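Paired with chain B in one complex and with chain C in the other, chain A is shared by the two complexes that follow.
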Partner chain A sequence: MEHSRVHNTNNNGRGGQPRLVLEVEDLYVSFGGYRGRTRAVNGVSFQIHQGEILGIVGESGCGKSVTALSLLKLVPMPPGRIDGGTISLHTDDTTVDVTALAQDSREIRAIRGRQISMIFQEPMRSLHPMFSIGDQIVEILLQHFAMNRRQALDKAVALLERVGLPEPARVVHEFPHQLSGGMRQRVMIAIALACEPQLLVADEPTTALDVTIQAQILELLQALQAEMGLAVMLITHDMGVVAEIADRVIVMYLGEIVETASVDQLFTNPQHPYTQGLLRSIPNWTDQPKTPLHSLAGAVPELLDLPAGCVFVERCPFADKVPGLRKPSLIETEPGHFVKCWLYTEEFVHARP
Partner chain B sequence: MPDPDDILLATEDLRTHFAVRRGLLRRQVATVRAVDGIDLSIKGGETLGLVGESGCGKSTLGRTITRLEHPTGGSVGFRVDNQMLDITNLSQNHLRRHVRRHMNMIFQDPLSSLNARMSVKSVIAEPLVLHRAARGKELEDRVAQLLTTVGLQPHHMQRFPHAFSGGQRQRIAIARALALQPRFIVCDEPVSALDASVRAQILNLLMQLQQQFGLTYLFISHDLAVVRHVSDRIAVMYLGQIVERGPTVAICQTPQHPYTEALLSAIPMPVARHERRSKRIVLTGDVPNPASPPPGCRFAPRCPYRQQICDEEIPELKPTRQGHTAACHFADELELVGIGKTGAQPTTA
Partner chain C sequence: MGRAVLRRSVQMVITLWLVSILGFVIIQLPPGDFLTLLESQLEEQRLSSAQIESALTGLRARYGLDQPVYVQYLRWMSSLLRGDLGYSMALRADVNELLSERLVLTLVISFAAMVFSLALALPIGVYSAMKQYSWADYLFTVLGFLGLALPNMLLALILIFLAVTVFNASTIGGLFSPEYITADWSPAKVLDLAKHLWLPAFIVGFSSTAGTIRVVRAQMLDTLGEPFIQTARMKGLSENRVITRHALRVALNPVVSGLGLSLPGLISGETITALVLGLPTIGPLLLNALFAEDMYLAGSILVILSGALVVGNFLADLTLAWLDPRIRLVEP
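After this line comes the complex of A and B, so read on.
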């Protein structure tokens, strides 16, 4: 699928570079429990620019959702705790460090939905079953804008039309259970975009949907993103979805970023043994059916006792050739392509296959 | 057509309808035609992949074939002791005694299909005990052996399901399904709840077990990429009916039903942009309500190639020139696009 990538950017005059929307630096998040602290996110840093779709991929428990929730201070605290790092949100004139805000402060509430909004996997669990679709869109508009109910309702109809719902004037009075899964996710997108935020965080937005409906929603997200110059952080376990719509990709494993690159770099030249293994384990459309698939040995270990060195050491096919006890750092192997693996250091280049 | 002696399971015009009841008197207001006229046959030792979206009736079909659901009409034949047996109307008692041990099921979410209060040993031993297949030391040996077969350790039998990861739980469910050495297993979305790296392990295990024990699978999934990898033949379901079926590679490379083409086209491919297919078909709308399917072709309201005849006449499932079977008025005229023939190669690692 060839999509023209429209980067609708309001440059801040910085040499044509799209404006930086969000900058996460060295973020650490953990959760307390009776068996000890679960270290969900360990030293994650990344940036998102305006008009960009950043894909974050990883398997369950890799910390991708916790990272996303941290951006809006939605990690339940306690048991959750941000142990370190900063999350800087750049608006037109100011920069706010989200980690420093109290969870129920006026400042964070002014950001939620207005600057950063979020959509989740199961729209039925995010929508209130007892309020009409219209009410739920009007609520966020009245929260953030000076307008009356009548105006807000008109805006709600316009939003529903924009996300491609048929008969928006009727749907606005309907309730979530009257809609199909795909329509509900469209409603969620309408709510998320109601206040024209800078950043949309989409956490597995299509995982609960059928593949033909998924295609519709991805197409919609892409169209809206291009049209509004929105920054999107797309969290998914599905390499296909990332390849389809992201510009840049972050691969996470056990709370750390193990590789980050542009989509084309990652899929033509995956470098981390985890990324390579993951991509090879996906059934290939040119394979002979009924042949064994490449599979990574073992399963994702528990976050309670993380390996001291490389997080992937227990499952890595090259682990015997490199120091397991020391932690590698992110190394830039080609412009914009970073990988956290010993194999790409001068010292161990000989161990590479 | 395969030699009738090879056929392990066959259905004829199989229908499973559910009544929708409303009000104080539970009056029947509608009928959901979950499975509506399915003819299929599965040869011994093969895997038939059944794909379709949620609500298309694929799980109901799997449950009806194994008689967990009583069919409304049509018939199911299953080979027992080299004799084709019509199991459509057999009593549960009769089924238990003569049929059940030869067929089994594996479900999507092993956490809900395994009893959390039973140890792995009792979970796997239960079918053996119920069918009086083993007892005492022999029973324990058999459980240990089954655990080894699915890639677990015999000492795992003392533990409870919660102590295992998703992939290991699915291995336990597979061990249980294998306990009575069945010939036929219905795998209903067996890897859909698993992470990518673990999914490959379970798919490999299922394929290896098939080789080892000569198993026959009905492999139900919404994921065409997975189905393509494990199946000999594929049947595509839409709104309670099979719209296309044929050999795996042929279905994926040269689909002959517009719905199959759309399904293939909607799959996001993990490849770089320049290797991407050029054409993408995004279907409009949702799957219609199975209680009131469209009058003509059931796919017509969403079909990009719809003509007048599609709204008026129900297309028959008939052989096409590519050698599959498709239910489309224009199966032989449309030039549909599949995956896997040229370019479009995922995974470059």
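After this line comes the complex of A and C, so read on.
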């Protein structure tokens, strides 16, 4: 069902293919510190098309948030640094390499909020505590559009209504502390989508919310995405969220993409040992009571001390059967399904279980 | 909002009343009173003990010192309510008269020191936070701690020394040129005051500048790490706007409440500086009044200082409520 959505949204690209919005190629990001540089993102490449929801999963510290912040050049620099790669944003008439823009430049600021927007993990803290809801929406509208305050405020009320807030005409004059967490996340979505961007980056948008509200926010995102033909990059560590709304999934580990596939492929045929472990560790309600929860062996190594070869070598159950000290490359195992693992090379196919 | 203001006003009056009692009692605590001092002075003048006794009895009756303490307090209090601060026994003058000009000058110096301190501390604090651990940040940190550690009066002495030795200044200290000291108020006198004001304002404001820089820097660093700053950047706002409109606004809260508490600190902090620089302000007057056990003068000054503290706090709270909706909307 996810695929039908991709196809019936805008087809202004070549040959019925959805238009390419963003293309990240071989991105490297690192952070300086007292004990040396930490390599947070190591050679990440992916594409996002119009009308597509791309899920990025991985545990804390795998580089997913840094990748997201890099798209808007919001990684604090210093200590952060983009060491290589390009991030190409395709608009109707031009293509811009975001990595080449200065952090406070007019060019990147024209992209932020207008071409690419972002919502964050903690709605309780991502709205300014001292400005009214209306002011916070008006601010982004006035930043990018030529309109007066009155018009902007009317638009703000309309946006609040669109994200499903009751009594938008009243809420527009209220302050964040008067709203619940779910309402605040709706306000954040209204701010992010106010200028009708091409791409919405949602960094764990439901993590801080309780489960019923999570579902509502995901539904809202899905509805707005379909309505606006938006591309969404959804960052999460929740496989359930990915299964529910994403079209394609990227699995990251220690700053690298270890597997990428469509949602159906990934859940029916997970290939990387890390992905397999992740999926096995989701508790199943049909399990007998007291069944021990499955967990991945070992712990995430320190980013300062990365393994030289395969990033997963220290925790991989098949590590003794493959040359783990050499880095595998991303291999296409079925159409659109890529995995970075020695087990899927012809040479080591016999090692697979 | 109106009810909150009313409630706070009533609290302020009660606080001031309690302070007046406390102040009065504390001044009475040391053994003896103003007349004990006078007695020893009269003895030195070789008057007969009968003469001394009659003079003292007369004065005692005149100042009401023969009455019990609570009667003295009530008399002082009732005249205080009528706007009469009493009579200074040591200086033989009405307290109102003694205080009026000094109070104005003290407020002028304190206000100038506050403005000077903020004008310097805000930009430096913000800059230090944005360039954390840069050489400029370290420099301001060192200067800041120096400012905190250096007593104001020592700074005053150093500056006087420099002014006289290096810049050959003929007059230094005071708030007026000699020809204006006893003159009536005129535009020329105000101008003369303005010319002399910068030095005491700088000295009195220096240590609070250092403190404020630290507060602003720490607050800015905290605020810049908040997710709503990320949101502001995500909107495409310029870094200037993110700093001034989004970050500084939140970072200022503790600075504002600090200002409310700083008024009496500025007044008492200037006492020694005022002595060194020969400034006609309240501080030295209070010091002398306490030495002489001149209770109406000392008590009045204490009440005025507490009044400054309470009113300053009240103003700071009003400002905070105006700045921050989270405070504004809380109804107890």
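Miscellaneous remarks
Throughout what follows, the second predicted complex is superposed on the first by the 344 of 353 C-alpha atoms of A that agree within 3 Å, B and C clash if a C-alpha of one lies under 4 Å from a C-alpha of the other, contacts with A are read in each partner's own complex, and residues count from 1 in each chain.
The rule is simple: a contact is a pair of C-beta atoms (placed from the backbone, for glycine too) under 8 Å apart; a residue touches a chain by one contact, two chains touch by 3 or more.
A quick note: this is a predicted structure, and the numbers were derived from the prediction, not measured.
Of the two partner chains, chain C is the only one touched by A:Gly113; chain B is not. By the touch criterion stated above, A:Leu325 is placed in contact with neither chain B nor chain C.
Contact with neither chain B nor chain C is seen for A:Ala146 once the two complexes are overlaid on the shared chain. In the superposed model, A:Val300 makes contact with chain B only, not with chain C. When the two complexes are overlaid on their common chain A, residue A:Glu59 makes contact with chain B while staying clear of chain C. Once the two complexes are overlaid on the shared chain, A:Gln214 sits against chain B while remaining clear of chain C. If you count the residues of chain A touched by chain B and by chain C, you find the higher number for B. Shared-chain residue A:Ser281: touches chain B; no touch with chain C. Of the residues of chain A, not a single one touches chain B in one of the two structures and chain C in the other.
Those residues of chain B whose C-beta lies close enough to touch chain A in the complex are 47, 53-54, 165-168, 195-201, 203-204, 207-208, 222-226, 228-232, 248-249, 252, 262-263, 265-278, 280, 282-284, 286-287, 339-340, 344-349.
Contacts from chain A toward chain C in the complex involve residues 72, 74, 103-104, 109-114, 117-118, 120-122, 125-130, 132, 139-140, 143-144, 175, 177-178, 188, 191-192.
Residues of chain A that touch chain B in their complex: 1-2, 59-60, 180, 182-183, 210-216, 218-219, 237-244, 263-264, 267-270, 275-287, 289-290, 292-296, 299-300, 315.
Residue ranges on chain C touching chain A, taken from their complex, read 226-228, 230-239, 246, 249-250, 323-326, 329.
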